[in-house]
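Below, each structure is written out as structure tokens.
Here subunit A shows up in two complexes: once beside subunit B, once beside subunit C.
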Partner chain A sequence: MADDIDMEKPVEKSTVSNDCVVKSEKMFSLKRWNAVAMWSWDVECEICAICRVQVMDACLRCQAENRNDKEQEECVVIWGECNHSFHNCCMKLWVKQNNRCPLCQQEWSVQRIGK
Partner chain B sequence: MSQPTGKLIGVKRKHSDENQVEAKKPAMEEAKRANFSALVSTNGMTKASPTVVKPAAGNVKKIVIKSMKELPKLPDNYQDVAWQKLEEAVVAIQNSTSIKSALEDLYQAVQNLCSHSFAPLVYSKLKNLTESHVQSNLAQFLAESIDPCVFLKMMNDCWQSHCQQMILIRGIFLYLDRKYVLQNPGIMSLWDMGLDTFKVHIISDPLVQTRTVDGLLLLIDKERQGDTVERSLLKSLLRMLSDLGIYHEAFETKFLSSTERVYSTEGQRLMQEREVPEYLAHVDKRLHEENERLLHYLDHSTKRALISTVEKQLIGEHLVQILQKGLDALVEENRISDLKLMFSLLSRVKNGPQELNLNFCTYVKKRGRTIVIDPEKDKTMVQELLDFKEKLDNIVVTCFGRNEKFVNSLKESFENFVNQRLNKPAELIAKFVDSKLRAGNKESTEEEMERLLDKIMVLFRFIHGKDVFEAFYKKDLAKRLLVGKSASVDAEKSMLSKLKQECGGGFTSKLEGMFKDMELSKDINVAFKQYIVHLNQPDLTNMDLTVNILTMGYWPTYVPNEVTLPAQMVNFQETFKKFYLGKHSGRKLQWQPSLGLCVVKAEFAQAAKELQVSLFQTLVLLLFNSADEMPFEEIKAATNIEDAELRRTLQSLACGKARVLRKVPAGKDILDGDKFVYCKDFTNKLYRIRINQIQLKETTEEQQATEERVFQDRQYQIDAAIVRIMKMRKTLTHNLLITELYNQLNFPVKPADLKKRIESLIDRDYMERDKDNPNQYNYVA
Partner chain C sequence: MANIAVQRIKRELKEVLNSDEVARCSIHVELVGESFAELKGEIAGPPDTPYEGARFQLEIKIPETYPFNPPKVRFVTKIWHPNVSSVTGAICLDILKHQWAAAMTLRTVLLSLQALLASPEPDDPQDAVVARQCKDKPQIFQLTAQHWANAYAGGPSVNPDYENKIRRLKDLGVTEMNARASLSSCDWDLERATEQIFS
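== the complex of A and B ==
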């Protein structure tokens, strides 16, 4: 299977035209592909330990305050150096009281913020 | 009623003008009410004040008034002479012969007698004269075996002539009436005296009275049986009874009890014999007839008693039977006018509307249940429900006068029966919406679609398990969006806003997220196209890749199906992934091969074709670039498609309408060891050919899986809701928590299940029981 696609490669010089690329002896060639993929946060634990809502959903506060869609979109995930993850909204409030990861008690420092 | 003679009218009229002006007050103060009902025109007066004789006109000479030397005297025998004249006249009137003396003379004589204080005498003589005459009339009514009809006519004639005579006599003795009777309160006016005499001497005779009343009842009975009777006779005699003041005691009571008897037997008989609609029409006719009767001859005071008797006997007594025997069929056959009649008739009796409502509810529940409960009718269930609802709405509006109780009980009944079968109605409603929103459904215009969606929302409102609806709706919506099969974005958005309105933003936020994902994917694909141009990898431009990026959690969960892709495709995937994750950090992508769609160009011997196929179909087809024939096992190994899925894929390519592959040996089912050869000579009229995937018939297992997922989600939802509430409230009593939960959850839950969830959350240290009050919970932060 991989071979017949390899066979296609050498023939293909032009980058624009599709039709001239196809070799005549080739029976089937792929013209268009409509793929589907699911994205989710790359997290170890799917539930935010602070608000106890799945990280894929908006945090409890955002849900309860019934903010409009734009603001809810902002309810992203934050990862600490310890690789633990929480809702960014939840963590913002948490660090005001205690600058440690709620799960491992390590000093909290941001590794990255999801977007 | 017979008309008085012209002469009579003349006499009466002569005085009426004067009377009206002068005698208004005394007449109004007069307690005794005369009844001239037997006459066409009455002036409403019994006792009239003396008439002032108008002065002769034309005398212009000066009048000198001298005092009289001597009072004028009557001749000694004037009294006898005058009375004789009067008596002759009265007798003449009574015998209907002509009066010899001039009426003017007679009137003058009365005036003279009265002015000379003979009034009491004249009155008593006149009374005697009347009495003896009336008494002489009695005999004819006592004769044996008179035909009731003849009897009534005789009675009427007697009464009419008595009245006429009395009017004539009163005309002559008017002065007596006005002067003497008016000044002596204890004495009856001449008219009343006439009535009284008639009452005492004729009607009070038991035989005469019985005969009269029975005759009347007989006539009415005849009329009820459909004969035509002389209504004027009835009217005249009934007015006689009321004039004589014995209508109620002598007639009405008997009449009502006879009415009751008649209709009680009639009701029982017809209830047995007739169909309900016919029966109701008959009752309506009867009521109409009785009202006619009231209009034409019965006294108005009888109205209420009579009508309520008829209503009670014909409707009230048979209420249960009418409803049980007739209602279902009428509603079933949508007989609007009959139902209208039923409602208006039943509304007349006590408990009628309530009973109707009750039976209506029972019918709706019973009939609705048959629509909902039978799995064989699942295909048509929603349409039937819509039709059923529309029909009943129409009945409530047009037949039951939009009565609020009916409107409400209709809603309750619907809610009741729709939820008798768990989950299935919700699922079917979701699927019904899908079939309407899917492309290719061009049968309806925008407005029609709007109206249809509104109707569906009405059904949706009745459903308890709204999350079941959501689960199935979401599944179908995903399909519509991913395959691009949605008929109209407007209709989709409209449906979504209706759901939002009904269940709140929480219910639709994920569905809205799905639409948003589709929008975002468009932008991402545009950016990706630019990105790969800059990469300058020729491999990536010879094919058109678009990717729909779906947010996990918004969409239904699909079973990840790892398959082996050709290197070119893997390259594409990896390029895209790099591009995407570069833009969005902290995310991960999971490909969903089962949702992929492709266009494959095929070079057949006859002509080149474009095949619209699924990703799985594509993978199989691409294998045949390097081999002419492949066994099933080899294909499986090369693609790594799941066994059942692969069999279906091959079936669609080799056994469907457009057969791009040929199966050896031929046959419908794909078996182990089958071989596949591609058809070089494939032909088709069309250039673009869509090869449909064989739709996995939604097996019961799959449905159960969806349902189970719904139930599992419910557990999470309950947990989340409890935590949410507790987090906000910090402490709550058990009952308040339960109440709040019921407000938030849009599916049916038993309190016991809620309790279990609460226990579980306490075990997991999300909350705790208050140490002092076991009925109170505290949130554990």
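== the complex of A and C ==
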């Protein structure tokens, strides 16, 4: 993300003497700049507490079953009303025996599904 | 063993080994064999409890369905505690049963067991005899727990009076373990313990 930029009007050193401005050599010109951005997934918890893998990656089971990229893309994230997120695959197995959020123990109800 | 269980255990072992508690020698966990189905845990007795200075070994068995079902944990080291069987080491703790959550880990389990040692729940007991003593005679319970910690878990506290009573039963041909268990359940009344053993 580096761009070379030539300043149209380079900054110049000016001196004032007896009411007249004398222009001298320029102090600097900006040759190049680098922008650095920090980002993170827009979720409250980045790791699925059930399989301990990043929620935006495929879950452990999907990875272990050597599914292809397209199938792994179907391993989506599920958000509860409590705002906790997990892999949908992981959560499906968990709610079979306990309909509570594994993190806060609130009654589990789905807010939305999808990455 | 299911791949998700194995991968979870691998990650959790790393988590425990990198934790502050391991650095403070408060908890420890290691594999037994190479199957990831069985582990050996160890917790230090919490400070300001009768278990202080002692170290307790735990047997941890990981089910195929982990982390959707809890690990099976029991004390290998004998302990005098209302929520742990003084005979088998079985533990009565809600998070190891109906209150288990898939988000819990080996580290949180070991820390919960440490917390259980610090605050017993005699109203929800695993060992009714210990629970009764804990509620009715708390001073004797404290001394008994301290004595067991010394005898079985390397605790620092020695009670000469209790040692003497055990010796007297041993002179009658009773094994040390049976003598200790009997005296403990009879609140260290030598006559009652003798009667219980020989009746």
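Going forward, the second predicted complex is superposed on the first by the 73 of 115 C-alpha atoms of A that agree within 3 Å, B and C clash if a C-alpha of one lies under 4 Å from a C-alpha of the other, contacts with A are read in each partner's own complex, and residues count from 1 in each chain.
We take it that a contact is a pair of C-beta atoms (placed from the backbone, for glycine too) under 8 Å apart; a residue touches a chain by one contact, two chains touch by 3 or more.
Fair warning: this is a prediction, and the values are worked out from it, not measured in the lab.
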item: Which of subunit B and subunit C A:60 touches, first, second, both or neither; value: both
item: Which superposed partner A:106 touches (first subunit B, second subunit C, both, neither); value: neither
item: Which superposed partner A:114 touches (first subunit B, second subunit C, both, neither); value: first
item: Subunit B versus subunit C as contact partner of A:35, first or second or both or neither; value: first
item: First (subunit B), second (subunit C), both or neither touched by A:52; value: both
item: First, second, both or neither for A:79, with subunit B first and subunit C second; value: first
item: Winner by number of subunit A residues touched, once subunit B and subunit C are compared; value: B
item: Set of subunit A residues, in rising order, touched by both subunit B and subunit C; value: 51-52, 60, 64
item: Complex contact set, residues of subunit B against subunit A; value: 482, 505-506, 509, 512, 516, 536, 538-539, 541-553, 555, 558, 564, 566-569, 572-573, 576, 580, 584-592, 595-603, 610, 615, 618, 621-626, 638, 678, 720, 723-724, 727-728, 766
item: Touch list for subunit A against partner subunit B, complex; value: 1-6, 8-9, 12-16, 18, 21-22, 24, 26-42, 51-54, 56-57, 60, 63-64, 66, 69, 72, 76-77, 79, 85, 112-115
item: For the subunit C and subunit A complex, residues of the former touching the latter; value: 3-4, 7-8, 11-12, 67-69, 101-104
item: Residue ranges of subunit A in contact with subunit C within the complex; value: 49-52, 60-61, 64, 90, 93-94, 96-98, 100, 102-103, 105
